[in-house]
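Labels A, B, C and D are assigned to the chains in the order they are written; within every chain, residues are numbered from 1.
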Amino acid sequence: MNFNGNKAENVKIAYVGGGSRGWAWGLMSDLASCDDMSGDVYLYDIDYEAAKNNEIIGNKYNELEDAKSVWHYHASKTAEEALTGADFVIISILPGTFDEMESDVHTPEKYGIYQSVGDTSGPGGIVRAMRCVPMFEEIGTYIKNYCPEAWVINYTNPMTLCVKTLYRVFPEIKAFGCCHEVFGTQKVLSQALDTICGIKDVERDDIKVNPVAVNHFTWITEATYKNMDLFPIYKEFADKYWEEGFIENVETNWMNNMFASAQRVKLDLFRKYGYIAAAGDRHLAEFCEGKWYLKDPETAHSWKFGLTTVEWRKNNLKTRLQKSEDLRSGKEEIKIDCTGEEGVAQMRAILGLSELVTNVNMPNLGQIPNLPYGAVVETNAVFRSGTVKPIFAGNIPEEIYALISRVCIQQEALNTAIAERNIDKIFNVFTNDPLVTCSLDEAKELFKEMVLNTKEYLTSYDLTNL
Amino acid sequence: MNFNGNKAENVKIAYVGGGSRGWAWGLMSDLASCDDMSGDVYLYDIDYEAAKNNEIIGNKYNELEDAKSVWHYHASKTAEEALTGADFVIISILPGTFDEMESDVHTPEKYGIYQSVGDTSGPGGIVRAMRCVPMFEEIGTYIKNYCPEAWVINYTNPMTLCVKTLYRVFPEIKAFGCCHEVFGTQKVLSQALDTICGIKDVERDDIKVNPVAVNHFTWITEATYKNMDLFPIYKEFADKYWEEGFIENVETNWMNNMFASAQRVKLDLFRKYGYIAAAGDRHLAEFCEGKWYLKDPETAHSWKFGLTTVEWRKNNLKTRLQKSEDLRSGKEEIKIDCTGEEGVAQMRAILGLSELVTNVNMPNLGQIPNLPYGAVVETNAVFRSGTVKPIFAGNIPEEIYALISRVCIQQEALNTAIAERNIDKIFNVFTNDPLVTCSLDEAKELFKEMVLNTKEYLTSYDLTNL
Amino acid sequence: MNFNGNKAENVKIAYVGGGSRGWAWGLMSDLASCDDMSGDVYLYDIDYEAAKNNEIIGNKYNELEDAKSVWHYHASKTAEEALTGADFVIISILPGTFDEMESDVHTPEKYGIYQSVGDTSGPGGIVRAMRCVPMFEEIGTYIKNYCPEAWVINYTNPMTLCVKTLYRVFPEIKAFGCCHEVFGTQKVLSQALDTICGIKDVERDDIKVNPVAVNHFTWITEATYKNMDLFPIYKEFADKYWEEGFIENVETNWMNNMFASAQRVKLDLFRKYGYIAAAGDRHLAEFCEGKWYLKDPETAHSWKFGLTTVEWRKNNLKTRLQKSEDLRSGKEEIKIDCTGEEGVAQMRAILGLSELVTNVNMPNLGQIPNLPYGAVVETNAVFRSGTVKPIFAGNIPEEIYALISRVCIQQEALNTAIAERNIDKIFNVFTNDPLVTCSLDEAKELFKEMVLNTKEYLTSYDLTNL
Amino acid sequence: MNFNGNKAENVKIAYVGGGSRGWAWGLMSDLASCDDMSGDVYLYDIDYEAAKNNEIIGNKYNELEDAKSVWHYHASKTAEEALTGADFVIISILPGTFDEMESDVHTPEKYGIYQSVGDTSGPGGIVRAMRCVPMFEEIGTYIKNYCPEAWVINYTNPMTLCVKTLYRVFPEIKAFGCCHEVFGTQKVLSQALDTICGIKDVERDDIKVNPVAVNHFTWITEATYKNMDLFPIYKEFADKYWEEGFIENVETNWMNNMFASAQRVKLDLFRKYGYIAAAGDRHLAEFCEGKWYLKDPETAHSWKFGLTTVEWRKNNLKTRLQKSEDLRSGKEEIKIDCTGEEGVAQMRAILGLSELVTNVNMPNLGQIPNLPYGAVVETNAVFRSGTVKPIFAGNIPEEIYALISRVCIQQEALNTAIAERNIDKIFNVFTNDPLVTCSLDEAKELFKEMVLNTKEYLTSYDLTNL
């Protein structure tokens, strides 16, 4: 990388999981829309063909009239090639296939355990972590060996465990994890400004928030717009919409979209605890006691959020595979379609081309004093010229401390248990998860079944005494 | 109080709850057995007649041949009289009657929630705390006004909330809470020394332990006898007896005694987590997820511990009332029957007549760095000459940190909620209790019913919007 | 205050010390140059005439062609009028007159103690704090009573004690202290970029730094420009210029300007400790052992920094008084001459008109974990929409920890000592100051003389046993 | 080691520095006086002949009529032999000879720097640490290799650096440092009880104290006898004797004994700060600003404490060498003459033969929350059955925090500097020592001279650029 005036040239980005059908094209759009950076993107994926496809698609962006910068895409056969000399590493992988995910999400239903996402917490999140962590151990080691100075941005779930693993295998790593759930809550706050105060069209990033949290169980303790405190406004909003839910329009109606919700869980948690739960309802529900919002599909239905089926994901994948082929062949035209993610903005700020405050997942150095030192937490950070420094977020308030600290501490224990490949310790975390509402014996059976369903990816574990 | 050589004379003890039928007589025995202290004991009780009865009984101890010291007992009509000038205050009260306790323990059974004790944690413990805290606010205020320099020993449950309340209303108070549950675990360790190593008759206080805990969910991270580490020995013991349970003799057989257990829960927790859970199984079970050991009476039965019924307590009270009358009238002879409690030993050490290391419940100043500052925790402390100083106990180990910190943080939140008489906040703690395994709606109904059952004692709360 | 689109109108600023000849005119310039805020500035000063003069001068700015906003200036006879309803309070006062300052700075010379500034630390800073703190107790109380929601910006020295006092008398205050010394060091870093790397004209605020410090003994642990680490560059710069000093041009030559220096102290401290001391040499020298850089005037001379005499300040005041008269009368023309301070930028960011990261002095909530909680420290903070939140700055590095912590802890002790008006405790701090190199007896004499010289301002102290 | 009933037999003690003439004989007496331990003592010394001499002397103790146990003494030619299988390791060595010590203590006098002891702090302590730390690195490594489970008791100065080094090279070591200075202060408190209250002959260990400190600059924040607070009594004592000093009898008159003092420094510090400085005046003076008590010999004289000359130590050594020869040959009779040290009592408690609370030097785990984690601090600890656990001592009070934290932090920095063999960093610590009152240039000269004087012991340092 080098600067040419105020432009950064020859930036090298390594993209682990670069064969993605979907997320990759968003990144290509975001990069093409950036006028002060250019360079190379190396796509690395266990599915080399998929990466190759994206190389072809990516390079087509440079021909678009509205592309503001040139990026050369390269599919890499080795991590070494992709990573060596990288300025930035982006990690966005799927640990296993949708078959494993199907087991993660749906096996627990036999025991009355329902999961709305199943990729972060609960039985599904734990077993997914068992698959994912060994992959991140490998990726972290690659980074240590091939590009120790690179900045590393992770998008993979379970976010906390993935980022923790990178720091575990390479403590000097400059890594952070990004998640857009808080953005969604900023949008809800903007809607509250509209419906309660009649202030319209406030951009989500003009809503300033202070997250103190662990990923996907994010809570906001302060929210302001200009010099207004948004808490009283959100209180009115919550009182107004708590019962029926807030539904913006048909497309986002939770009944039509299994990723959507009517925000009832979010508003309920606010009314209970006085702080703003700041992830989608589907995520929030999974961190609460199993009988609260996920007792059974009817309960979830009454709270107006969808349970994402893996069947849908499988069908959707077919659509995306077709689209990938069409983009490659030229049957479907390439267009710039930005993501609203902040990855490119973060890279610009790290290169000193701007300054940015946003929320990230990083080890706790004291930004949240009452969570364990070293646990991966989500707070704001300042990105400026080669530094990403957490903002002091303050203690978790007493009202929600029991909820959040439990999640954080369980994740710390899970990190140790998986690092040691200690099945008994992993099971201890499993049985103490809020969603695991069955008896000890049933939990044992369930755990065994789930682990065996995914054992192809667990070759580094000793499963003999499961 | 004054010293006469190495004897402390004119020691004044105020005993709040001094009308007790049972516990009081043990204290009388312990005091009579102490040869270097003497003085006066003021008995204060809302049931003055009961206190008066104990005055008569207490004074009879002085006539016993084996009494080593003279103590004059006085029933007091006012707290002012009892407390003014006291060197020590002992608090051991029952908050409400067994009717309220019956509701605490048994009402939740309608919702499939079983409690083995119901006085510390779970629905019963929470509602008991609602009754008990206002009483301790009053007692703490009396102490502040009448004897601010006195040392205060609490035995009342819920221990944590009671001690916390005393410090809340009078932060300079010199108070601590005592509980004998750890002693019981020292005895189990002594039994392990016997059965595994053949070392017989080791006194429980020759087993040295390091508790890091909250009361009744006490855990021990180090245990030694002479210079032996007892953990490997306890591991053998646990492996040997985990399945069948360890039953010392007929009298302590859990089937014959609803206060007893076969230690299966204790051994199971050790095998799971590697640290020694150090309270009775009936207590331990109540802090774990409801489906683990208390799913239903059959599950408790299979883990071989009793569910204490309040009916038994009511019947037992009749026996004790009769005994009280018999002791007073002389029908039953007074005898010295020491308790094994350490209250008198603690007083001696505070007066500088000896030195003592034992476990107490006190606000956390840093003795357990990874629990909240100011929360009441149970660790060892050193008693010497006017000082009680906690020993640095260390962090809660990661394996059990999620379990213990949740309890501790919930109790902190409950303290605030009750201090504010905030019914909604109390309910938030209630629904997040490990034993409350029902749905949110059922929890609401249950809470309402329990609160109304005990409303006579809740006059300082606004229950209109319950 | 209200918003009109993206402009803030009717902003009310109260300026305590608003009779200033100099600093006030800079603020007027900065406000006039701001195009998205307008409103009223209330000038409050114990010298009402001076405030009145500035009212006249201030209102003339509105007539300038290049004024981008309108601000109405009002001299206030009472603090109540000035402060009631204020959105912002600016405090910039001189505690006492230059006669008192003369004693602060020059009396210690009798005992071989030389001070280059004498307003923050050392004998002069301590006695100045004795005068200043009672004034800030009064100001803090006014704010509490008249405008508790206002944001308060302090510029008065001793900065740490002033800000601490505000928080002491009104813990909920939204106050911070601002100082431009770090800006000067950013300029030195820009000069290093020029002389070492040939990168010219880098703006000081494009140099990103991480201060971990107490005011005026500020140290920087990270410095970057774009994604470059500036430490190796500064090392070359220090090695090159340490011996002779770095002199930019004639005007800033330390021999011609008693506020200037050749940066030798700064570069020496960097070479010794490996971190960037980030205040002017005249300040830095005062926090080090007295025999290092301030042993005598010759030593200061050899380190190429000036000892600011109060005689100069007195003469300069005459010039400024004349200028004040000339500006008022129209003899001298008003012009916009911005200060380079960030007060106005901070107000804009607080109102949500922009976002700003800069260094401020605020109580330590954990932004520097190894300095005492609650001590006023200087780190970066993020200003956005009604919030000012410190950035996590990290521990003071071991190499400089003894130096900085001593200063911080002494200031904490001084705060308590002055709050208690405890002359003995103040003297204890005095004797343990790094500049007080004389014997205990001499220190006692010196302290007495200095206190008596300024006793007119110490009416709230009992000086009888001095 | 094994138990025979309540006696510990075959205890193996390794004594590093076992050729000592003096201290060794005290240990022999203490061991001979202990009736429930017996075993072997291995004497290891770089002067093997001296160790051999002590072997002979030690074994003679077994023949004494009043010896209560049998200990076999063995001089060892190798550390391996001495340490392998040891239950306890005692370290008491002299780093270098009295020639080096002469330079440590007296060279600084050229620059007006006077030291009363010169073995812990100040220029002498720092240079002594440079010699001593490499030796402790070696000893620590031996322990790690030969007896990792042994308990290690250090008596060597500089205490803090020695203990810190052991933990640095072997973090799992079970080591602590012992010092009798606090005992001396307990005796002063006993004298205060006598002179102020007429309570006579109170044993020093019946005075209970709470030290919060670093070794030799020990401060006590609580002192009690029975249930009496000794602070008001000590205040009276200090007011009475501060001016003239307290002199117990002729033998301890400071004018006749260069190790004695009239306690004036101790009492002065108490009157200044309100807490009890708890080491001998000769030590305390060395941690204060150089101009306070050690400005020149006359100042020390006026404060009535002696400056220990190394000439005296050299002469005294001759006497002790002669005594050694006489004891070996039988010319002088062996007798049991106990030391008043607690080493043997500590070993008994560790073996579970008793329980002991006393002050020790150990890494800070939180026992003093406001000193750095891991720094070696002196507080009380409880010795019981295989555990030595610090008692929570509390924060250093604000009044004395600047004094103590500076010492502690400087020692931490010195530890790092010596570990790195970084001469520049060591010099930075040197120049910032309270006793180094000269200019930077003089300090440089002095440091160079002192280092070169002792260079024979500094072969692991690169002194070329000194």
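The definition used in the following text is that contacts are C-beta pairs under 8 Å (C-beta built on N, C-alpha and C of every residue); 3 or more make two chains touch, one makes a residue touch a chain.
Because the structure is a prediction, the values reported are computed rather than measured.
Peer 1: Identify the chains adjacent to both chain A and chain B in the sense defined at the top.
Peer 2: Of all the chains present, none is in contact with both chain A and chain B.
Peer 1: Taking CA centroids for every chain, report which one is farthest away from chain B.
Peer 2: Between chain B and every other chain, the largest centroid distance is to C.
Peer 1: From the C-alpha centre of chain B to that of chain C, how far is it in Å?
Peer 2: 56
Peer 1: Centroid from C-alpha atoms only, then distance chain C to chain D, rounded to Å. What do you get?
Peer 2: 46
Peer 1: Could you list which residues of chain D touch at least two other chains?
Peer 2: None at all.
Peer 1: If we use the touch criterion from the header, which chain pairs count as touching?
Peer 2: A-B, A-C, B-D, C-D
Peer 1: Show which residues of chain C lie in contact with chain A when the two form their complex.
Peer 2: Contacts found on chain C: 1, 3, 206, 208, 210, 222, 224-229, 350-353, 355, 357, 365-367, 369, 380, 382, 384-387, 389-394.
Peer 1: Which of the residues in chain B come into contact with chain A in the complex?
Peer 2: The touching residues are 272-273, 289, 291-292, 295, 299, 370, 372, 398-399, 401-403, 405-406, 409-410, 412-413, 416, 424-425, 428-429, 431-432, 436-440.
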